[in-house]
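I have a structure here, written as structure tokens, and I will follow up with some questions on it.
Order of writing sets the labels: A, B, C, D, E and F. Residues in every chain begin at 1.
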Amino acid sequence: MNTLVNIALLNLVSPPILFFILGTIAARLKSDLDISAGLGKTLSLYLMLAIGFKGGVELSRSELSLTTLTALLTAAMLSFALPFIAYGFIRLTTKMDRIDAGAISAHYGSISLVTFVAGTAFLEMHAEHFEGFLIVMMVLMEAPPIISGLLLARQGLTAAKERHKPLFSPKLLREVFFGWTIFILLGSLLIGFLTGDRGMTDMAGFIGLPFIGFLCLFMLEMGLVAGRRLEELRTFGLPLILFGFYMPLVGASLGILAGLLIGLSPGGVTLLAILCASASYIVVPAALRHALPQANLSISIPLVLGVTFPFNILLGIPLYYYAAKLGWSVIRTG
Amino acid sequence: MERKTIKKVVIIAELAIKEEILHIINEMKAPGYTLYEVRGMGEKGVRDFETTQLEYFKNIKFEILVDAELAERIVAAVVDNYFKDYAVIAYLEEVQILRQEKFRPRQN
Amino acid sequence: MNTLVNIALLNLVSPPILFFILGTIAARLKSDLDISAGLGKTLSLYLMLAIGFKGGVELSRSELSLTTLTALLTAAMLSFALPFIAYGFIRLTTKMDRIDAGAISAHYGSISLVTFVAGTAFLEMHAEHFEGFLIVMMVLMEAPPIISGLLLARQGLTAAKERHKPLFSPKLLREVFFGWTIFILLGSLLIGFLTGDRGMTDMAGFIGLPFIGFLCLFMLEMGLVAGRRLEELRTFGLPLILFGFYMPLVGASLGILAGLLIGLSPGGVTLLAILCASASYIVVPAALRHALPQANLSISIPLVLGVTFPFNILLGIPLYYYAAKLGWSVIRTG
Amino acid sequence: MERKTIKKVVIIAELAIKEEILHIINEMKAPGYTLYEVRGMGEKGVRDFETTQLEYFKNIKFEILVDAELAERIVAAVVDNYFKDYAVIAYLEEVQILRQEKFRPRQN
Amino acid sequence: MNTLVNIALLNLVSPPILFFILGTIAARLKSDLDISAGLGKTLSLYLMLAIGFKGGVELSRSELSLTTLTALLTAAMLSFALPFIAYGFIRLTTKMDRIDAGAISAHYGSISLVTFVAGTAFLEMHAEHFEGFLIVMMVLMEAPPIISGLLLARQGLTAAKERHKPLFSPKLLREVFFGWTIFILLGSLLIGFLTGDRGMTDMAGFIGLPFIGFLCLFMLEMGLVAGRRLEELRTFGLPLILFGFYMPLVGASLGILAGLLIGLSPGGVTLLAILCASASYIVVPAALRHALPQANLSISIPLVLGVTFPFNILLGIPLYYYAAKLGWSVIRTG
Amino acid sequence: MERKTIKKVVIIAELAIKEEILHIINEMKAPGYTLYEVRGMGEKGVRDFETTQLEYFKNIKFEILVDAELAERIVAAVVDNYFKDYAVIAYLEEVQILRQEKFRPRQN
């Protein structure tokens, strides 16, 4: 039977995870192993296109229900709320100023696509189905935390003129709503939805068969990226490092609760937990460079990539899955 | 051939403000620019990675050949708006050109 | 039954077309969605290798017939003739000088590989077979229009020395005959021909299964490229814009007539129409930079990429197919 | 260390004439060159795209360290042959080197 | 029945070889056909990941035997010994100084992954199985010849201080042991070993189906690279050129003998021969730039890429296979 | 704005010694550097290929803005250690900067 340990081990010996570890080791040993810039971008593009398209086809099979709507709403609200919690923890446990604390909290409110994709691969391994609209939920969780993060950080801005300039510059809005990640995700989702199963037969040889392989390459790069960030954690205080570990747990717990409440499948609950637990390192930082240039990304990035991302990939995902199943069976039987 | 001497404005900055700098260049009707993708290190830390994952660690470099007067204004605009919060440096060099008219501010 | 409308709609909701549209929208909304330079080149390389190889295998199955030879000859002649027609239209309807008119006409005489590939994907969707030698026809249509275009443009050269310097510089010849597009196309065709079905079993997992997926990525980029060119059309006069729409129709009609005369299959006729209707934006411009540097490519490129390419992809292909089938049945029954 | 001052010829041009410029460099026996892939904007319009689809919108930049006399001849050759029809600029800078012999025209 | 001629011809008309030839022709004709930098790196990465992973899975099926250990030991020893032979030939037949002779000999002691991969594809064509640990053998053959090559070259260093500075700088050791090629090969091997058949089912769609296609792209680039090096051979003396032809034969013969002695399968013997016959153009040159900067790589590289690599690919592999089979049947029957 | 003049050290070298040059830069506490991937030709032959297969044919270029004194020391270190065996050149240029303090040697 699937004890937590079994699940965790099975996860650790899956190719994507092992390639992630390989990448980390390579980075630590200062190997010259490197993923060419172009390939990195291509792989993200591929993952988003594939995951979006699959989700769209999935959606085209089920009809829009009330659950869907509540789910989408919940996702947006959760991601908007999380930064306030994160901010509280940081301010309580560290001496970080409002600006950087707000910036970090925005990262943790938002999501990491790769963690989500790893989650879907993990669920596949356990033949666990999930709702297609979870990809839409993911997309809806990218932007809101930026707003709450900014609201929190703004308190720290000394210059009045900076504090009172409009929260959303057109630049920020474009960054957030027309950003390429969202664009390719929603676009592929829509295309998958429109072309449905016929489209899937056309695309299966591209987004189906080689998917795990591409994911492995991508995880290899993530390992390299994460491994290189570890260095920078040296200078961080313990409280901040710890935050990188427990914040995902906090997020996941909320995600699981919410998921159970709105009646997602076990797979769906797991993915929502993963979304809440994961932290952004692409969309949010890019947005903050414009909306909050005073924030120091060399704190948030190493924390997200060096601590939280590996934690979720290596231990978090199986843990969240286990908890989701548990909660689910409780409800069922209860 | 007798040469004229004009200024080359050099701006090295984080990718995040590329559009902002382009905006300045267009606003001030600079006759042209040349753009490089570079990596580097400076006050704001190391920005020298080959991966694309972390766009905000990328650097770009602008070179703008213009007359001294416009050169000063471009540098001033960059310094005033971006030196505080962004990874950016700016400096001037002297270059000898052939046909000065090519490097006059655009009229349109 | 397949009315024109059905065919057109079926085309519009196929993944490649939808990704093209997605790309165009992204470009219009100034999204930072972008296809890394390397990937763009790789995708063209892949498409040419795949299409060339498939054509070669196809050829290896059928033996060389007289139709083949007449077909190849027709293709070369058609592409040589088309620029004269195009040139006439431009000079009559616009104030453009001889040089630029000649340059543009060369683009329209020549072909666009992607349009051709989209055409083959379209035919596959309709389970419509086509002759393998059509890829050879395509290759033979790349160069001749450059010659006729140059002949026309030369009239506009004021400096006598320029007008009378030899038409083909060695540089131009190399550009045209050893250009990488032709090289990879003919090369793969030959390899496919030599290795035949055995080669196909080796390559199927590469050029078969993921083909549509790669095409989608490529069409996404084409959408971005096309979308960005639209801007520049603003300054163009209506007559020129219109030319971008009706010239493909003129070309297609001639292609269909010729195709029916030389007895191609409905699929073959359609593809010949597509070749005549499509306009070059890689080989011809590159060649003209050397052979006719005075020509202003910032007129031809936006016209080809912003008007003609999208028109062929979105509406042209189904239209030409419909017409080809019609013509074919007429002949059959007649 | 005492330095010698020599010229740096800079040529920024559209990719289409790369081979032509290399030809000039070799013809004139320049001791060497350094080549950059760049993007930019100028009289001939914007040439600043990341896609490879449109090769003829790409720019390259040559830097050639040579003595003043050869520098003038290289620039002259480029200006005379390509300034009219192609996207290209050329200018000179002064640089201080250590071992002058390294930058003398090649003998072979 | 499989005469040597049949085998050789069958090899010559396989897609990878034909694409290699296509690349060479393109380079000779100065076509602008080019493989974008990023793609080149990606392809090597892919090949190494795929070949390593497959080998690992292979290993996971068989249990570690004594043959394995002797095989690994033999491989390391062979590659350490070969440079002394190569050095002897060069010094006897050419006027080359100790430094360059030592450098070249290091190249020939070491191995070329692509040649090895081409060999595995060749064996597949002949439904010939080989031992999974041959990939480990390959990895073990990369570094030792660098040591022997350095020992030989050192004699030529005039400056005493250079001659007596430690043979292994930490830099060199890192270069050799944490170099990305070794890292990805061993890493993928280990991952393949750990995940076994389950891992293979996940990865098959990535490293299985499209493998030959990727190899073709890679061979196309190798053809371009090799073709461009031919130029430089002009200035080389005949004895050196000849060395590029007979040295692989010498290496292969030793490889076959050793392979038969330690009881490898016909496929295994062939691959060991290929490893001994092939020469390095990535790992060794990179290492020598640091350990022996005085060496002139513009002698070794053209020789390895312009002569030995093509020779092995076009003629060597079938020849070695034929000899291996012959030797094997002799032993069997004897 | 009044300007200060400082030195720009330029080092163009084969990729193989990138880390060595970075080491010098850090050792000497240079305030920063900018790195380019370039191609080229010189005494040590042509190093101008687009393929990645042959890493040792790649060139990099360092630009380091520093005061004259440190500039001399950096160039000296490169020349002494690498000019004999490696493909590398080094030269100096003068640039005009705004805020000198930004280009003082690092203290830490």
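To be clear about the criterion, contacts are C-beta pairs under 8 Å (C-beta built on N, C-alpha and C of every residue); 3 or more make two chains touch, one makes a residue touch a chain.
Bear in mind that the values here come from a model prediction, so they are computed numbers and not experimental data.
Graph distance from subunit B to subunit D, where chains that touch are one step apart, equals 1. The set of chains touching subunit C and also touching subunit D is empty. Set against the Cα centre of subunit D, the chain with the most distant centre is A. Compared with subunit F, the chain whose C-alpha mean position is the greatest distance off is C. At the interface between subunit B and subunit F, under half of the residue numbers involved are used by both copies, so each side presents largely different positions.
Between subunit A and subunit E the centroid-to-centroid distance comes to 42 Å (mean Cα coordinates, whole Å). In this assembly, the C-alpha centroid of subunit A lies 40 Å from the C-alpha centroid of subunit F. In subunit E, the residues touching two or more other chains are 34-39, 41, 209-210. In subunit F, the residues touching two or more other chains are 36, 52, 93. Because contacts link the chains in a way that matches no line, ring, star or complete pattern, their graph is best described as other. All chain pairs in contact, by the document's touch criterion: A-B, A-C, A-E, B-D, B-F, C-D, C-E, D-F, E-F.
Subunit B makes touch with subunit D in their complex at residues 1, 3, 25, 31-36, 65, 93-98, 102.
Across the complex, subunit D meets subunit C through its residues 14, 16, 19, 45, 49-56, 85-86. Touching subunit E in their complex are the following residues of subunit A: 13-15, 18-19, 22, 25-26, 29-39, 208-214, 216-217.
Interface residues of subunit E facing subunit F in the complex, by the touch rule stated above, are 34-38, 40-41, 44, 171, 221-222, 224-225, 228, 281-282, 285-286, 289-290, 293-294, 297-298, 301. Residues 36-39, 41-42, 45, 49, 53, 174-175, 178-180, 183-184, 187-188, 190-191, 194-195, 199, 202-207, 209-210 of subunit A are the ones that touch subunit C when the two sit in their complex.
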